[in-house]
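Chain IDs A, B, C and D follow the sequence of writing; residue 1 opens each chain.
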Amino acid sequence: MIVVLDRDIARADIDRLTEDLGAAGLSAKLSGNGDPWMLVAAEQVPGRVRQWVRELPGVSRVVDVPGKFRLSSRDFQPESSTVTLDNGLTIGGTGFVVAAGPCAVESAELLSATADSVRAAGAEVLRGGAYKPRTSPYSFQGLGPAGADLLDQERKRSGLPVVTEVVDPGDVELLADRADMLQVGTRNMQNFALLSEVGRSGKPVLLKRGFAATIEEWLFAAEYVLSTGNTQVVLCERGIRSYDPSTRFTLDVSAVPVVKALSHLPVIIDPSHSSGRRDLVKPLALAAAAVGADGLLVDVHPESAAALCDGDQALSPEEFTDLMASLRRVLAAVDRTLARPCEPLRAREA
Amino acid sequence: MIVVLDRDIARADIDRLTEDLGAAGLSAKLSGNGDPWMLVAAEQVPGRVRQWVRELPGVSRVVDVPGKFRLSSRDFQPESSTVTLDNGLTIGGTGFVVAAGPCAVESAELLSATADSVRAAGAEVLRGGAYKPRTSPYSFQGLGPAGADLLDQERKRSGLPVVTEVVDPGDVELLADRADMLQVGTRNMQNFALLSEVGRSGKPVLLKRGFAATIEEWLFAAEYVLSTGNTQVVLCERGIRSYDPSTRFTLDVSAVPVVKALSHLPVIIDPSHSSGRRDLVKPLALAAAAVGADGLLVDVHPESAAALCDGDQALSPEEFTDLMASLRRVLAAVDRTLARPCEPLRAREA
Amino acid sequence: MIVVLDRDIARADIDRLTEDLGAAGLSAKLSGNGDPWMLVAAEQVPGRVRQWVRELPGVSRVVDVPGKFRLSSRDFQPESSTVTLDNGLTIGGTGFVVAAGPCAVESAELLSATADSVRAAGAEVLRGGAYKPRTSPYSFQGLGPAGADLLDQERKRSGLPVVTEVVDPGDVELLADRADMLQVGTRNMQNFALLSEVGRSGKPVLLKRGFAATIEEWLFAAEYVLSTGNTQVVLCERGIRSYDPSTRFTLDVSAVPVVKALSHLPVIIDPSHSSGRRDLVKPLALAAAAVGADGLLVDVHPESAAALCDGDQALSPEEFTDLMASLRRVLAAVDRTLARPCEPLRAREA
Amino acid sequence: MIVVLDRDIARADIDRLTEDLGAAGLSAKLSGNGDPWMLVAAEQVPGRVRQWVRELPGVSRVVDVPGKFRLSSRDFQPESSTVTLDNGLTIGGTGFVVAAGPCAVESAELLSATADSVRAAGAEVLRGGAYKPRTSPYSFQGLGPAGADLLDQERKRSGLPVVTEVVDPGDVELLADRADMLQVGTRNMQNFALLSEVGRSGKPVLLKRGFAATIEEWLFAAEYVLSTGNTQVVLCERGIRSYDPSTRFTLDVSAVPVVKALSHLPVIIDPSHSSGRRDLVKPLALAAAAVGADGLLVDVHPESAAALCDGDQALSPEEFTDLMASLRRVLAAVDRTLARPCEPLRAREA
């Protein structure tokens, strides 16, 4: 049972309400980061109890969530949710959002060149990693804080919002100041300390699916963020581990309609990391559009042969431009268009 | 090394050629079912040997195939191959072929009703199983020969070519007389005795991917058919086994561009068996069209709640019609159209 | 519901009984190959119906099987079953049976040399393939009928019972005359035509687990054999497909206690094909003994570097002798010993 | 290339050495937490360069590591390494170490009762979680700091060393003061921030395999710890994700000999979390001993039906005692015994 509170409820009223529920045997606790928002009871409750709670002062509505999930569930929120970045770009509506850029931030020049080329092709978000979780401690780990500063400079220069990965709870604050959206990577999907910390930052969160996570585990990871009161969550399918060595991972396109049946959260697809092969990025991107995803995350690098990270999968700017042209046609066939930031917001930013 | 022979070569010349090659240490053996066609040597050979072979009498051309695959490889045949059914319908060209129908043949009435409705919606092949490989010996195993007769009657009545599964080498002859295309199912992909037998039948073969087969194993299974001399092979991706219980299998859409990079064979997708969920069939079908597949295999049943086999995944005729309308739009966006049989052939048949 | 009939029941009485059950709405059908044995009803039935059936003439007992499995289930037969070969060797009792030999039969000399060395080390069954299911049609496929003849000669010469794989229903008769036990390989576990045919042969069957089969699917495959009336089934775990390339397959030792909780059938382990690595065979063989398996299937080849099939995993006779010495110690620690054929039978055979 | 330095080398000499190497184009960087220890170059270098480095002042030895791994590799350290806890108990020698206890710490009484019973049965390490990484944010997450205090009290009371899981880099210091060994759980195996932090703590580390990690990824995770200078790493196989729902995970016993061929690190097995089934713990524990593991991690709970976490897999004290009796026999068969702490150390501690 989720008890949604009046927006203007006083702290004292919340405490009294929690006490009343406790006296009735309900372990409801406040969800969210200080913002009076909602109480989540540990278990489902009978209808007559819900009726009683509904009439307590300060309660706006009471929602029964029959399945395993709560805040991420369509039973809790039937309409699809959207996540809006600072420049007004909305993820999860009829618009389709393409985030593109280098796997790792390498230099200001390369970042600007990539940003300009992907924007020209129709991307509206710049992706780039300052902190790279690498399998080997001897691989390039990203530029760290210097990379974050480059991202910050680039978003100011280009006006493109930036999404970047965070790998340590201790880095959340630094990155929250320098990026528009925080990515939790596949290897950290069940790093619950990190999920809570990005949740509390209040920033939009891009939550990649663990490469061996079930959809249930993925939605529970989203619940860790949502239960901090941060509702700005976008899911990203990026391939799961299978036995076939043809591709680095197996892109699970079915995950999109499966998630959408269970949850109101937006879902995008990463065709670059799932396949690990440049030649597969375009067909998988078109499949993503056709299957109902809300966007893409694409590796683009002006000189992929020299990339410090995952160059085999990065598109050249020319290949990306070609992909976007084909993508527009498939999107039109499913009654969608590329998302554009809200113009007034965009003007203000400029 | 593959030695393609002159079409009009005499048997005696073949024997002499084989002998000459053997004397040179090459274990070339005739591929194909009696039809003088080609010799396949067990190993790659140096360029000077190929040159020598090329000039032997009766040799049309000599092909070096550097990878693991031979007859299925794009190195052997760079242009994409096509498979043409008796009514002139071509699988693997610019046309996109939809085969639809009930999982299992149940009665003449149901089969005719389904055939009429799927044809009206744009399907050009009727699918239906007379022999069903079922996990449990206590499940409905199909009508057997009676089901095959129903398929034969229905293709004569409706003019729709029929594809049906064969599970036993001993049934190949019976089914080859009653169907237009023989399907080898996922559980039999490495049933090498069956592959050889369907190959020798000379009928077009629909080869489903084993649910835990690598793409390499799948192409080797195709080689078993091709090496009998039967070049009429269409591959079908139908989902692979993963750890996620959300769907029955995980549809591997990447398999389509991966196969097309390695092989000239057409590839279609089965969104029904991969997901096992009616609500996923349409989005997965659209993804199949976008990713570059050459067609679909779809379960349709007029009364799916009463279906004797896999009713949970069968579309109603109305749902199928809706799918086809959306499919036409996505196909147009990737410059394809629904395939149509060759009209003169069709006329002749009628 | 399973209705076990009197051993001496007349055919007419069976027919009458089937009719009576049919009149009561029960679709019971005779299981077994001509031998009056049992009727298996498609569904569970209420207790009062079982009571009524129990009292019909010709009925010996009625068993209710609550789970999915029937003839393989411990609910049907609580005591562990055993399979006895012609020389009296019993698989599934307190004895632990080791079958060893070359992956493929290559020559009479090699087979005899291997048989003598594995017998000297304590193996009591000779394994060897005359028909090899190979991923590629261009790999060595076994000697076929000539290989089967070699096995037959060798079992007569050495007195060791022989287990060999059958891949085509059409070969069952030939191999049943030349071997003591028929193996259904991992790629054919759901080749239902083959399962029925080996069942009908009446020979002991070694049923390998499909490399991506669930335990449920494996037991259902056993049901296909058992429902022909052939109760001589031994299961063999041989590794399942996973994402880790370190080993060819992942040996699932848990399968042994999982199967033993569900079923009365004996289970052995193949440490050679699961790992594909010679250095892992011994530790995995010891783990098999410790986890409760009833035996082993081990590749041994006197000159593994020159083996025509799977040489990387074959032990030398010296390595096998070393394995057996360690195995005896672990078996003693779990109160088991190496199985020995029944002496009188053995004498009679000689 | 790994450059091992003289133990008494001065900081200035290290800096000069690094500079010299840098001038020669080698990106060697200091490994370890302040303790002058070794320089690890990013790449392999030719023999003449190694020779030159070997003669630089302050260099003790130079090791070429041909494979992917460095500090964890048997090429770097051919002899098996051991990890010794504060009480002198050694993991990785001929002794076999059993760590047992409740999944989660619940109360002082329960912890003491469990500690006493598992010690009486032969366990020499107490396991118990104060911080539990749970899939759902609504599940019991452990007692946190209070649980850590209970563990600290219990180890002082009983003298049993304690291993406990750490899930947040921010908790490492608190837990390092209250436990003898820090566990990194399966969901955090690639939480590189956490690996570095536990490495820097200098405490012995128990590194569980990610449930979908390759052995290569697992050893790279160990490299993250080792490259901080902390050599006290024990690996723990705890089951990998497969498609079969019979067990929670599939225990990969082959991982033990595979790791031991590549690495000098000790490896133990967790039969409780891999199977998730109480009835499988004993057979899997015996298989672990037979396959060559160095120890076990076993869930034991006096009242498993009431356990707050994973009660289905916890053994009762009686079942654990029975397991240990059987284990002793299998260990004897492979020439091992249960490990005992070093007596003088133990006395000193008391």
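In the analysis below, contacts are C-beta pairs under 8 Å (C-beta built on N, C-alpha and C of every residue); 3 or more make two chains touch, one makes a residue touch a chain.
Listed by chain with UniProt protein names: A, B, C, D = 3-deoxy-D-arabinoheptulosonate-7-phosphate synthase.
Every value quoted in this text rests on a predicted model; they were computed, and no experiment measured them.
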Pair exhibiting more inter-chain C-beta contacts, A-D or C-D: C-D
Taking each chain's centre as the mean of its C-alpha atoms, give the chain farthest from chain D. B
Where the CA atoms of chain B average out and where those of chain D average out, how many Å apart are those spots? 51
Dist(centroid_CA(chain A), centroid_CA(chain D)) in Å evaluates to 33
Just the number, please: Cα centre separation of chain C and chain D in whole Å. 40
Check: chain C positions touching at least 2 other chains come out as 212, 216, 241-243, 245
Listed in rising order, chain A residues that touch chain B in their complex are 212, 214-216, 240, 242-247, 250-258, 261, 274-275, 279-280, 283-284, 286-292, 326, 329-330, 332-334
Would you tell me which residues of chain C are touching chain B in their complex? 40, 42, 68, 70, 133-138, 167-170, 187-188, 190-194, 210-212, 216-217, 220, 223-224, 227, 241
Residues on chain D engaged by chain B in the complex (per definition of touch): 241-243, 245
